[in-house]
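Listed below are the structures to be examined.
Shared between the two complexes below is chain A, which pairs with chain B and chain C, respectively.
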Partner chain A sequence: MVDNNIADNNTVNTNKFIVSHAPFWHDGSKISLRNYNMALAALPAILFGIYYYGMQAVGVLSLSISTAIIWEFIFCRITKRSNTIGDGNAAIIGMLLGMLLPATAPWWFVITGTFVAIIIGKQIFGGIGANPFNPVAVAIAILMLSWGNVFDFNEALINFDFDFAMVYPLAALKHFGVSAVDSFSMGNLLMGKQSGGIGSTFGLGLIAGGIYLIIRGIIRWEISISFLAGIIITSLIFNITDPARYAGPVIHLFAGYTLIGAFFLATEDSSSPVNFIPMLIYGAGAGFLTVLIRNIGFYVDGVIFAILIMNLINPLIDKIRPKAIGKVVENA
Partner chain B sequence: MIKRSFIGLSKPRLAYGSLEDTPSLKQIPTSKEVTLLADCPFDKKNLLFKKKAAVKTGQRLLLYKESDEYVVSSVTGEVSSISSYTGDFGRSYTAIAIEVAGDEEIDDEFNSAASGSKDASLETVKNYLAFAPGNPPVKLFSDKDKPINTIVVCCVDSDLLITTNQYIVKSDIDAIKNGISILKTVTGVNDIIMVASQSQMHELSATGEKVNQVNDTYPSALPHLIMKNVLGKMVPAGKTPEDIGVCFISAEAVASIGNAFKSGQIPVTKIFTLVKKDGSKSLVSARIGTPASDIFKAFNITLNENDRIIFGGPMTGSSVYSEDHPVQPDTDAIIVQDKDDIPVISDYPCTNCGDCIRVCPANIQINLLVRFLEAGQYEAAADQYDLYSCIECGLCSYVCVSEMPIFQYIRAAKYELGRANTAEATNG
Partner chain C sequence: MTSHKELQLVYGLAIILLVVGVLSYAAFPAKAPERPVRLMFKCVAGKILFDHKTHTVESGYGISCSSCHHNLEEGETNPQACGECHEPESQEEDMLSRSDAFHKQCISCHKESEAGPEKCESCHVM
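What follows is the complex of A and B.
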């Protein structure tokens, strides 16, 4: 049914015309274009990571992007599906995964990560558009559960020498309390003067990329904004109840995976809602859970698990939607 | 083709074509042969006339025994062939080709019917004007099961690029006035509402009828949205405006009725908008049945392999197989699209990007609906995912990031379900 039929006409004319169905216009949007824009938006944060962590960061990122593409290619081959690497989706998954990893992540770790993301996170559900969970979040979660120490950014990045205190703010917060993160000013956090994943520390760059994606209509702003609002409100409530134990919104907003989560992870198309109210619930819920996990949970950062939990209930919340026009509710 | 703007956050703004001045109308000379398409399947056994039958201009040709389907010959000549024609989704038509003879003779059956009674009668309108330019919906006027209480006269064109109705309003407002008064007399409906764009409001207020304004962006001029936004009436899913007593008629159809009674002849020339490959537009007048190729010749348009010919607008029209496809009473536009301008259709699945949800005027969960349609689960699509709420604007396909032919799926599903229901009704 999906075809541009080229049909013979019965007349003496030999021209064959394209016969297909309306509409005969398209606005020119494309999956590949979206993904290229996604890469463009991530570029500032990536370049910053490379600037700080040098060749090691380049190594992790290239390995991550290339192996993601290779896994996708292999899977398409084995299952005899048409080759989908051209749409850029596998590359984006690899890129985002690399951005979340520390620059010191070993090669096997990266390859395992992309395998989980592409094969388990995406392909076994049927490929693009069919994954119920964010593939990158799935991969990071599994890596964290299996080899959590690799994500100990303080430990991992100990050999780097910087002009700022190389401390992972969320770990400091968890282990030493609010006083340990007093030294982090908002400006320093935004400028990436903190330790963390390769592409997840340069707050300003991530925000700029996020705004770009929102303006272009590539990510759904409702999700990003409500996610950030969820973080601010929840952390504020905690902070007010016990300022000595719980940090205020600044740390929660600009440290860890918050910003990359808000603009690049929570907004993944397939695993997030498309209706207005559900998007707000989804985003705010993920923000709330993030702070909850950080403050009273076991993990240092909660973004990944918060997003996965919201992915899980996404089909349920996305049922809240406006009624289709002309729909008659039958009382039969 | 209007592309997505850099700021993709906003909805696409698809402005309807508008006519500032009255453009000149290009008249296409009568062709050697015209083809009339009757909206009923070919049925050789019951045909009421044969090949070689002589016909006059404006003559009504009843097609089959025990059927009231007819076409009106737009030329004088003899029937050269009667055959079956298959349109979109396999719908079948009877195609009657007429070879044009030298001298034109006007048939006077309509004239005697029209002047026989003092006032125009519903019978005359119904029996002679169904095939007039603009396709007056004459059957709806006399449907006993669905009485009409409001008539909406569309002075705007429902699809993009088209300026046909706007042209009629500019050039033939008297015929529209006359047509409206005839409509009132024959149908007994006094609630006539004209819908117009902002720029037409002034011209139309002179008619003394109620004029309501519609928005100038697509798809506001589609009947379901006019119902909702202008009349404040909700058409239940799967129903048509006439099911709840509202009949839509185009300005051109009204003018046809007005002109028919004034001149005593059934009008046989159709006015339409021709859109060339470079996007430039011309208004054209040609006899109903004129093959598109004659129009292309008159405009020096050359068609190449893999170009596309569209009858109707870019969002809702249909593409045709042959350069010789004839102009019909409802052909409001002919668009020629270069092969390089034809968007691809991909076999990608829905990525759940949500763009379609933002544009759908009917609030349909297209991202879910399309999965069922792809799997051919039409009943589930209709029962759970609001297939019948779709008002057929085509915007979902227009914006789809995966470039899926969603609108085609929707129309095919409705068509298939409709067929299944009819079969059930006739068998049960």
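What follows is the complex of A and C.
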């Protein structure tokens, strides 16, 4: 078989991987290292949130990270599983949850959120790598449906007074139309001059973090880029059909949970596809659904629900995969 | 598999952040400023976000306190909240209900100064 291949010049593939025999050398990558990098990538957006919202943001983030770790520890103890908190995944889930919450989230709200994320979102499915949905998105969705007022950023951040308009851009767009968001410039949105979650407003920081994660190979660029492309194209189509009713891509790209969704939520390992075409479909589908929910749906922001729906169909689209090499077709 | 060092790091993180979190919530509770920045009026017709600060500061519309808080006495600086007298369902005949009071106050002033929203959906989030 091998001889035949070498003899036939047309079938020789110069990029062929050569697999050597054991022993193998581990390259040193670990789940914990990946999670430390995630934390590092999220740091600019978190520091920005703390700078603006002060000790209240510190409280929400600290409580969120610590209780997420504690829930995982408790659950591992109860179910007599090996203690997995050392891999840092619980801490990252807590961190991302905290970043999405408003700085005024009450303590019980944060603890309930981390309980839902860790126990219902991840542990009951078997722990890390076994969760069909993004645990953070599950938690936010349940919190949003149960206590919508806490997520009304206009109401939650009522006492914060900054040098920019503290009207939640997506709520203004939804309730008062395109003219209400004319004053939000791309630069201001990128620089975080907008109301929103603690770590979800500083666009530039989130993009920098995302690029870092892509370069380090921790998240897949295919998902992030196709998610953003899905948002741009869908919002552009809406905008072209009726510019008076539907805003252009800028507000959809840089307001709400879009950027944190593109780089930190949609790319979650176990709930997103691994093959090239499925990743593109997954990302673009999530972007498309996000704009659909924002423009003609009931909810102000659609990122969380869009990601959950794409998580749901992830196993199905991941079936689009290259043919297995060397598989013999019977009765051919 | 996680190493002992990683586990210790996470234990440390959990304990420190729990303490920081509890202390932050206990020592820095969310408190409303003396003079409201923005107010959210809630009613059955949809919430209204009212920018109190922009209406009052000199760089904004510069409206004096007594223009709206009509029972403010000379030299008094701490006006009552509107809803204290103007209750949602006013039983008294000579007391406007909360919605009537707001509608009268807001719309008449917006008409007078030819600025600001007058239609329902411009204020109420429907």
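We adopt the following convention: the second predicted complex is superposed on the first by the 308 of 332 C-alpha atoms of A that agree within 3 Å, B and C clash if a C-alpha of one lies under 4 Å from a C-alpha of the other, contacts with A are read in each partner's own complex, and residues count from 1 in each chain.
One rule holds in what follows: a contact is a pair of C-beta atoms (placed from the backbone, for glycine too) under 8 Å apart; a residue touches a chain by one contact, two chains touch by 3 or more.
What you are looking at is a predicted structure, and each value in this text was computed from that prediction instead of being measured.
Asker: State whether A:88 touches chain B only (first), chain C only (second), both chains, or neither.
Answerer: second
Asker: Where does A:218 make contact in the superposed view: on chain B (first), on chain C (second), on both, or on neither?
Answerer: first
Asker: Applying the touch criterion given at the start, work out whether A:22 contacts chain B, chain C, both or neither, answering first, second, both or neither.
Answerer: first
Asker: Please work out whether A:66 is in contact with chain B alone, chain C alone, both, or neither, and reply first, second, both or neither.
Answerer: In the superposition, A:66 contacts chain C only.
Asker: Which partner does A:78 contact after superposing on A: first (chain B), second (chain C), both, neither?
Answerer: neither
Asker: Tell me the contact category for A:55 with respect to chain B and chain C: first, second, both or neither.
Answerer: The answer is second: A:55 touches chain C but not chain B.
Asker: By residue count, which of the two partners contacts chain A more extensively, chain B or chain C?
Answerer: B
Asker: Looking at A:244 after the superposition, I want to know if it touches chain B, chain C, both of them or none. Which is it: first, second, both, neither?
Answerer: Once the two structures are laid over each other on A, A:244 reaches no partner at all.
Asker: Could you give the residue numbers on chain A that contact chain B in one complex and chain C in the other?
Answerer: 31, 87
Asker: Under the touch definition given earlier, write down the residues of chain A that touch chain C in their complex.
Answerer: Chain A reaches chain C through residues 31-32, 54-56, 58-67, 69-70, 73, 83-88, 90-91, 104, 107, 152, 154-155, 158-161, 166-167, 171, 175-176.
Asker: State the interface residues of chain B toward chain A in the complex, per the touch definition above.
Answerer: Per the stated touch rule, the residues are 1-4, 6-10, 12, 88, 160, 224, 228, 234-239, 293, 303-310, 312, 314-324, 335, 337, 339, 342-345, 347-355, 357, 361-365, 367, 386, 388-389, 391, 394-395, 397-405, 407-409, 411-412.
Asker: Name, in rising order, each residue of chain C that touches chain A in their complex.
Answerer: 2-3, 6-7, 9-11, 13-18, 20-22, 24-25, 27-28, 30-33, 36-40, 47, 49, 53, 121-122, 125-126
Asker: Could you list, by residue number, the parts of chain A that touch chain B in their complex?
Answerer: Touching chain B: residues 1-4, 6-11, 13, 15-31, 34, 82, 87, 126-130, 214-218, 220-221, 269-270, 272, 274-275, 321-328 of chain A.
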